[in-house]
Amino acid sequence: MKKIAVFTSGGDSPGMNACVRAVVRTAIYRELEVYGIYRGYEGMIDGEIKRLHSHSVSNIVQRGGTILKSARSMDFKTPEGRKKAYDNLMAHGIEGLVAIGGDGTFTGAKLFYEEYGVPTIGCPGTIDNDLFGTDYTIGFDTAVNTALEAIDKIRDTAAAHDRIFFIEVMGRDAGFIAVESGIGGGAEFVMVPETHTDLDVVVKSLKNLRKTKSSSIIVVAEGDDAGNAQTIMEKVKTKLNDPTKDFKVTTLGHIQRGGNPTARDRVLASRCGMAAVEGLIAGHQFHMTGVINQQVVYTTFEDCIGKTKALIEDHLKLMKILSI
Amino acid sequence: MKKIAVFTSGGDSPGMNACVRAVVRTAIYRELEVYGIYRGYEGMIDGEIKRLHSHSVSNIVQRGGTILKSARSMDFKTPEGRKKAYDNLMAHGIEGLVAIGGDGTFTGAKLFYEEYGVPTIGCPGTIDNDLFGTDYTIGFDTAVNTALEAIDKIRDTAAAHDRIFFIEVMGRDAGFIAVESGIGGGAEFVMVPETHTDLDVVVKSLKNLRKTKSSSIIVVAEGDDAGNAQTIMEKVKTKLNDPTKDFKVTTLGHIQRGGNPTARDRVLASRCGMAAVEGLIAGHQFHMTGVINQQVVYTTFEDCIGKTKALIEDHLKLMKILSI
Amino acid sequence: MKKIAVFTSGGDSPGMNACVRAVVRTAIYRELEVYGIYRGYEGMIDGEIKRLHSHSVSNIVQRGGTILKSARSMDFKTPEGRKKAYDNLMAHGIEGLVAIGGDGTFTGAKLFYEEYGVPTIGCPGTIDNDLFGTDYTIGFDTAVNTALEAIDKIRDTAAAHDRIFFIEVMGRDAGFIAVESGIGGGAEFVMVPETHTDLDVVVKSLKNLRKTKSSSIIVVAEGDDAGNAQTIMEKVKTKLNDPTKDFKVTTLGHIQRGGNPTARDRVLASRCGMAAVEGLIAGHQFHMTGVINQQVVYTTFEDCIGKTKALIEDHLKLMKILSI
Amino acid sequence: MKKIAVFTSGGDSPGMNACVRAVVRTAIYRELEVYGIYRGYEGMIDGEIKRLHSHSVSNIVQRGGTILKSARSMDFKTPEGRKKAYDNLMAHGIEGLVAIGGDGTFTGAKLFYEEYGVPTIGCPGTIDNDLFGTDYTIGFDTAVNTALEAIDKIRDTAAAHDRIFFIEVMGRDAGFIAVESGIGGGAEFVMVPETHTDLDVVVKSLKNLRKTKSSSIIVVAEGDDAGNAQTIMEKVKTKLNDPTKDFKVTTLGHIQRGGNPTARDRVLASRCGMAAVEGLIAGHQFHMTGVINQQVVYTTFEDCIGKTKALIEDHLKLMKILSI
């Protein structure tokens, strides 16, 4: 293997730049030429491919976003799009790919590999932490800390006014951000897609809680089965039917995607980036790198996409005990 | 004067605790007894009044929210409510008040003073900065920095995806937060209640901008005349009518009220708190303290409420030049 | 078991409060009475023991330091001191202890258990991460992120002036903080106690590096075998003997101990606190709780103190590759 | 005037990039060509001069350091150096300069103007706030907040251990950072170059304080007349002569120079940058821009360098009252 390329795809996550940097520098260290593909699969189709050097990735380890930019590509879902992409790679002599992204990115990578056989290693870049094959994904720790800092701020004003706050965090299919920011933020309840949310139980508990507590924080993952934060607030308000209570909703939104990555995300990203290049060299072809129990592991795209990572049991237990 | 009381009222703002601390310690230094009234006018009516000591305000200078809690009181708008409040003050022998809050707080304070003649000094505690009689209000600097950090994070993801982001910040009647976070955050447009927003101009500029810029940040004060961020986004999207553009809305909400106050807010709060007590001792009776041109000034409640503080001309000019 | 007590001891670390909160609330949930012992073993000897309730630990999950205060006790090293401590526990009917701290704390706990047989569970509260029996210690993640933010700030000024910066971080016997903040901060070198530091190699590399790089960051663990940051800087300066180079030293010091804990530290602390109480109930007697591979584990004090946790091999490798 | 150039010089400060951006964009808006001179006077002598465009300053408003780099130049102190610098400016057709820096920068600018008559406008870029002609300097607010956050962290650990902490902040000749971070951080004492520090008074107060307070924070400006923090700690320790007290010193150092600028610094920097270009166009020739009482003002270099800005009286008074 002489030439490889790296790209970021799907929703961006903090730490993607640290990962790109590790890919580039490991490649150079291992005497490979390395290229950056801009805007993910879209740029692969459009031929936005540039040689990267060691200095190309200087001073980016601490930056959110991705210098390679990201996009969601419709064209790559068509055989014509993928053909163009393949032709572009060949034109540059690229023999291996490093794909940084999540679910959708690896679904595309799997299909592309099956059709054209270009060895591809994935790095788990998504704030949602919903990828099988790694304890944590790149960007998750930063997103949780961003959510947590927001919850800390809101608790100041919640406590000052004796209010009930519903805070919506990201997580369409997975409750990892909600659970960790909820435990860390001292929330009374956390509502996640993985478990059924019974609002009657919540209302009953809120009534009991309110005797001893003056304010409450309820963290809602956007994909909860009871609805989004606004909907849930309205239902709870109606059920509780207590005009003395003051309800507020805050949807954290895209601030959770940005920001300087935390130490944990930078180190994880660096490790995955290094492992991706070494994986390519060692002959892995359709695998995602990850860190499980402090060790680098390679998991097939099939398993990463197909298998589900469960919430940690202890965390669910903690939620119940700590809010008393 | 032997005994005074302090309370916080209306929306809380970061720095209120630093202000309470300064009131308490200055009062003790000047050999006054000092009481805390909890939950604003509501607690004045309900008699939630406690003696405060130097140690009561230890280790609070850095905390958001207010240890005295805050509330909006309906009862205080009735003569019966105010009568009860007065009786409670008399029962404790309280001869002077320090009221920390905004517009609504001082409207109440003015009325109460006119009816019962209890000398009252206000401290400008509101994130909106919309009070005449002070260059800045307590909490404004923290709110602007919170908004700015959120904009910084969103720019990471906006740039990664070439998106147009509409970010709604607080400011129902005043655009101070929007203007300063917009200039600081490198926004392309800032929309504020003080000036008419012409969306056709915005759309035209966006079309031009998009040739050279890949992403745009538009900061919207919640009280803008063209609507809130969601409404404005939809109008702009329709007018722009370009399916390749990706639009997103983030409403920062209550995170802007909380958080550890900045240095500027702590120092301003401390100064106003000290000046409030010294003002009471010096015989001021219906004035708000503020800092103008680095000097403490006392302005009548009438002027604080009635007069309007204008945006800084230079800031509006900066907006136009810096987004090119 | 009816009554237990909790205390913090040794150097404080961010997350200790979250741990205390989890101990208290889990104990109450499991229908135990719970007491707080103030100032560690010192307060155990002096009888500073108070009943704690659910509200005693409200609003502390996010605070650095420890509400139970900490101290290093000379008296507890004497048989007389330990006798007094035991008598005080008995006077309160305390049947089990939760000790939050590090090496020294558990050395004391082990001795005390051997003499008096009071079941004691430890929680790993130290920023140094140098305890066998847990992947991470409580406070480590916060300390690393504090160090990292400092490095990020220093890189701004290092790059502006083309300087070589030596940054000393905590770690008398262990390089965990140095390694993770060094990788995360994009440092050129990291010097740690676990490996021999050859300054000639560093100087040689610096000469090569300087051709392409304009500034350098070198992270030094305080216990490195080549000396502290100041000493190392002077040696390197002499060896490099290049008057055009500008050298600076910053010792981060105690800021690494404080601050609001990160999400990771709050969650870990909560988990360890819950596991400590459940461990006591389950009959563990001289064990530290920890989280290894996402699972709670109990390790004997003997192993925690006696065995050494190694640095992660991959991290050392990363250091070499990423600085090219 | 057709062509101008901008440079940063002396110690860097957060906000310099925001200022450069404002200079560049205002120049372009006013239809001037604008050049960047790298590494201050050093680069002016060496001819490191490049054309800057609107996009050259994209995405830098939030970054610490300076993209133009900075240096202290010995050569510019010689007539030969200045001659070379002038020749380089002429070779590029540069008719006006914007100099961003402090005292030393403007001393050089004044001399250069007197010799060669190139119109030069200064922008106050220094964290020390020690320039006459502006209420605040660019970078000061960020430095104070950095110091304050460090003090907040240290208070966590100081309170946990009942310690006396001496924290040294920057300020060789001026106590502005010490005073504002000290008031904001709830310090017991602040020692600054502007006033005589009597350690006997401090020791006496510490003795009294210690009856009611368990920990103390003392903020020391590096240029205090009683010595640096380490020296002062040792003197106080000897005088206090109380073996039960635990003393610690932390020197914040260069972290105060870096970091993302605060909103206040970005807005001030933007305003000064705009005013500098407009000042050049309007015919100002040897003036520094500043903001006093919310208005842009132009002050001659002679006054900026020669006159002394005093500490705010109220702040000194606050220090005394708030630490009780």
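To keep things simple, chains are lettered A, B, C and D as they appear, and every chain counts its residues starting from 1.
What we mean here is this: a residue touches a chain if its C-beta (ideal position, glycine included) is under 8 Å from a C-beta of that chain, and two chains touch if they have at least 3 such contacts.
None of the values given here were measured: they were computed from a predicted structure.
Asker: Counting shared numbers against all numbers at the contact of chain A and chain C, is it over half, same, or under half, different?
Answerer: Same: most residue numbers at the chain A-chain C interface appear in both copies.
Asker: From the mean C-alpha coordinate of chain A to that of chain C, what's the distance rounded to whole Å?
Answerer: 28
Asker: What's the distance between the Cα centroids of chain A and chain D, rounded to whole Å?
Answerer: Those two chain centres are 39 Å apart.
Asker: Touching at least two other chains at once: which residues of chain A meet that condition?
Answerer: 152, 155, 159
Asker: For the protein chains shown, what form does their contact graph take: line, ring, star, complete or other?
Answerer: ring
Asker: Sort out which chains touch which and give me every pair.
Answerer: A-B, A-C, B-D, C-D
Asker: Report the residues of chain B in contact with chain A in the complex, numbered from low to high.
Answerer: Residues 8, 11-12, 14, 16, 63-66, 69-71, 146, 150, 152-157, 159-162, 165, 214, 248-255, 257-259.
Asker: Which residues of chain C touch chain A once you look at their complex with the stated criterion?
Answerer: Result: residues 18, 21-22, 25-26, 28-29, 54-55, 58-59, 61-62, 135, 141, 144-145, 148, 152, 155, 159, 180-181, 183-186, 212-213, 260-264, 266-267, 270-271, 274, 292-294, 296, 312, 314-315, 317-318, 321-322, 324 of chain C touch chain A.
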